[in-house]
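These are the structures, in structure tokens.
Note that chain A is present in both complexes that follow, paired respectively with chain B and with chain C.
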Partner chain A sequence: MSDVQQEVTNLIYREATLLDRREWDDWIDLYTEDAVYWVPSWANEEETTNDPELQLNLIYLRNRGGLEDRVFRIESRDSYASVPLDRTVHLVSNVLVQKEDGDDIEATANCIVHTYGKKGGLTRGSLYDFNLRRINGELKITRKKITFIDDRLEGPIDVYHL
Partner chain B sequence: MYESIIQRDLDALIDDRVSDGMFRVDRAVYTDEAIFEQEVSRIFENCWWFLCHESQVANHGDYFWTDIGDQPVFVHRQEDGSLKCFINACSHRAAILTPFKQGNAKTLTCRFHGWTYKCDGACIGVKNEEEGTEKGKFDLREIARLESYKGFVFGCLNSNICSLEDWLGAAKPWIDLMVVQSPEGLEVVPGSSTYKTDGNWKLQAENSVDGYHVSTVHRVFAHTIAARESKGEYTGIKKTESGRIAGGVPTAGYSLGNGHMSIWAQHTTPEVRPIWEAKDRLEKELSPIEVEWILTKGRNLYLFPNVMLMDNPSTQIRVMKPVSANRVDITVYCVAPKGESDKARAGRLRKFEDFYLTAGMATSDDIAALEDTHEGSMARDAKWSEFKRGIRTFTRGADDDAKALGFEPEVSSDNWDHEVLYHGFYRHWLKMMKGEQAG
Partner chain C sequence: MNTSPYIIDNPAQNDFRLNRQTLVDPDILTLEKARIFDRCWIYAGHESEVTKAGDFVTRNVAGRPVILARDSSGGLRLFLNTCRHRGAQVCRERAGNTKRFFCFYHGWSYDNDGKLVAVPGDDAYPESFDRSELGLTEVPRFEEYRGFWFACFDSTVPDLETYLADAKDYIDLVVEQSPDGRMEIISGVQEYDIAANWKLLVENSFDDYHLHSTHSTWLEYMKDAGVDTKVPKGLLLPKRGIGKDLGNGNAVIDNVNFRGRPVASWIAIYGEEAKPAVEAAKAELVERLGEERAERVAETNRNLFIFPNLMINDGSSVTIRTFWPNASNEMQVTAWALGPVGESPIMRKVRLDSFLTFYGPGGLATPDDVEALEQVQNGLTSTVKEVPWSVMTRGIAKDGEQLNSDELHLRTFWRRWNALMTGDNVSAKAEAAE
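Right after this comes the complex of A and B.
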């Protein structure tokens, strides 16, 4: 495995681990200030929406503050949907470096998230598209697109379910 | 389609003694499957049921597959521009005819045995036709009634119902307030979200016009938005209006007749609303009272039995598909004035995503509360849900705001914390459950 492949894989694994272990601040630190976090909605049975500005998304956060909003709400313990918090296990696989251009890297991965909560166990899948940038020798996420393949959604969907 | 008639005394389910200060609903209305079966046959198949918005079937051949109660139907745009709605089942052996929820097909060919139907429902092709299965005998079954009100398409399986306009009645001006925001009308924005809810459809109906929960369930949303804005990252149209959540603003609730209900709350920062850019135009085109309602009153409208129209932080069509007593599937669409600027459209969508989705930061909390309410309703030994707030203070007929806009509610209440609007909902529900004339 090349160094870059290993480095990218470690970052994506680390994100999954931080989410499952509720280490929110360290999770947010993986993202740059101007990072985009995008979960499109489904435009039809076969295609998601593809213009995040002018079409409906499930989540579309245009900077790290959007992730901070989510964590603020979870940590407030005042969100009905987030108390009690669902348990999650992320299994990330198929990590591939798609493109390297200086300090910028594009990578894809697949993720299965097993959730346990009021509705019992739910297992759902996503495709991940990452844009990463090496900053001061460290890889950071500048953009993450999550194609959540489930359509008729059961229960709340928050950043730790994805 | 169910034929069963429940054995319960229906009148005993609604303890309606307003003059004694009493209005309670037996929680069995949420949990009893026999009651649900009777809702399907007595209510869902006998009222005007929201199907789709006309922009979802804009062109000849566009179809939209949905359900009336538990019966699949599809709306199809005809060559002459009119709409028809058919039972979505092949006349031969019942396979669904539309491969997608939404699509375009000027003829539909059943993918099972290849029978073909024209846009107008005529059966024009039977594979290996023989005596007894001649194509001329197998046209699609058109539903009894189909009417649109300003772009909103409704159908009824029973021909014996009043006109859609009469059915909507006092709700019409509330719909108009959305439609007049653009001279070109409204359009559904691409994308949608469907979520399954483990709760009764009437709990969703109640929630959509329940002002009383806002300052508890959505307190965290207001705090989250306040924390965001304190960082100064979100200004202008990017702000999400949340001032109403803490309370202390003028509000009202109405029972509009035929089970329809609505609420409004005064916006504290109307200038961040996506429609604000159209203020000058609206002031030229509309009356001052209409402009005031559009710009400064956040509004939720529930149309009995299956659709809600929201014009609050963003604009939404929320459609219910009741599946059983304990489950309702909900699909939400962002509906927007055609021709608005990209900036307004983007602002409208981001506010929608913040609040209105199961992946958002408010609707997800609503669903959790609704599901808990349903689960608590399983406790038959404590059978009454209370709808008493405002019972001593409500106004029969129109309050001053209703008179000014020009609609005639059954009941007005000067606080969205009040619950008297549900009385009309449950009275209409009871009337239909007893098989009395729909409207």
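Right after this comes the complex of A and C.
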């Protein structure tokens, strides 16, 4: 395995682990200040929305502040959708480096998230598209796109489900 | 005092109670399908979803699979999506453009006016076989108001405009934010399930009583972003949030805006770069509608309920939300964003950001609503024998205007629901008495 492949895989695994273990601050730290976080919706059977600025998505956050708002909500324990907090297990696989261009890397992965919450267990699958950048020797996430394979969602979603 | 098994409606005694079986009993859902969904005007789609000849979308309306299609002469049609031969769905895609709906089972095809145009091996049919009688079946009634199309499966009820009654004025307010009077569904849709009775979402979608307790983190978020969440004083119309009965079960909460509107009310969250566009939109409104009407369109919000299952929430964005019961404790929700035709990209961005911040399965507010509804369903389902009634009397003792946080608009819904379910007009009298 190349160094880059290993490094990218580690980062993506680490994100999954931090989410499952609820280490929110370390999780947010994986993202750059200007990181985009995007969960498109399905426009038809074949395509998701492809222009996050001009189409209706499920989630579209333009920078890390958007992720911080989510963490604030979770930690406040005043958002009843997240109290009690669902338990999650992320299984990430098929990590592939798709493109390397200086400090910028594009990678894809697949993810199965098993959630256990008030309504019992639920398993959902999604495709990950990552843009990563090496900053001071460290890889950070500059963009993450999460494509759910479900078009109708069974209940709400928050960052820990994704 | 009425005699319905479903509600106790006695304004003279300041009493209004709801039998919780209405939210639990599967037999009541079966009755609702016949007495409500088959007899009312049900939202089917928006004109902007099919703009060119041959465009179509498929969906379920009142539980039936339908095709909303733009026909060859540019009109809108609503076909039942079932082959006249032996029943298969003739259109299997969610959206597209086609000259023919082709039933792949035996190969019958229909044009986009619904005419049966090809039958493989038709020489085997008897002489009496008449293609012209075997076109796609259209829903019995299909009418529109300002681009919103509704279907009705009962050919005996009054027309759509009569049905909408005073709700028309509020649809007008929504549409008037568009310079050319046309709104459009923005591409993309949110679909999600809620494990609760559908009527709980009717209540929740225009229940301002729950804002502070259920959505405190969203209010916190707005405050953090520099938005003053206190309702301002001294605007032209209305002076405070009110709840209103609009006739035929339609109702609204009509609010003073405090959280920004992409048409004409800038807040810090939108960013400095959006300010000129928002101000230009306001200027356009004033120029087109005059000061007072522009203020009404721009600086007030409305959560408009069209009986039985359409909500148009015109606030920090415009949401079209409709829902259908899969079971007495399960519904499917579909939500779209609506915006003025020709809106500038920067305004679209503001509109969609506002939408996503609050609404949808991944928003900062809807998930808490979903949780509330599911908690209600869990709370009352198995306790219905011991705790049979819910109390819905907020504001009932008041003369005149009722607040958005009162429950008049909820009683309006339930009275209409009760009248249709029981076939009596006692509720109408109680309404008049309140």
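We adopt the following convention: the second predicted complex is superposed on the first by the 162 of 162 C-alpha atoms of A that agree within 3 Å, B and C clash if a C-alpha of one lies under 4 Å from a C-alpha of the other, contacts with A are read in each partner's own complex, and residues count from 1 in each chain.
Going forward, contacts are C-beta pairs under 8 Å (C-beta built on N, C-alpha and C of every residue); 3 or more make two chains touch, one makes a residue touch a chain.
Predicted model, so just to flag it, every value in this text is computed and none were measured.
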* Asked: Does the chain A-based superposition show chain B and chain C clashing or fitting?
  -> clash
* Identify the partner contact of A:63: answer first if only chain B is touched, second if only chain C is, both if each is, neither if none is. => first
* Asked: Once the shared chain is lined up, is A:108 touching chain B (first), chain C (second), both, or neither of them?
  -> neither
* Counting only touches as set out at the top, which of chain B and chain C does A:119 meet: first, second, both, neither? -> both
* Asked: For A:153, is the partner it touches chain B (first), chain C (second), both, or none of the two (neither)?
  -> both
* Structure fact -> chain A residues where the chain B and chain C footprints coincide 39-45, 49, 53-60, 69, 72-73, 76, 78-81, 118-119, 151-158
* **For the chain B and chain A complex, residues of the former touching the latter** => 100-103, 189-196, 198, 217, 219-221, 223-225, 227-228, 231, 233-234, 329, 333-334, 342, 345-346, 349-350, 352-353, 357-361, 364-369, 371-372
* Asked: What residues of chain C sit close enough to touch chain A in their complex?
  -> 93-96, 186-195, 214, 216-217, 220-221, 332, 336-337, 345, 348-349, 352-353, 355-356, 360-362, 364, 366-368, 370-372, 374-375
* Please name which positions on chain A make contact with chain B in the complex. => 39-45, 49, 51, 53-60, 63, 65, 68-70, 72-73, 76, 78-81, 118-119, 151-158
* Any idea which chain A residues touch chain C in the complex? -> 39-45, 49, 53-60, 69, 72-73, 76, 78-82, 118-119, 151-158
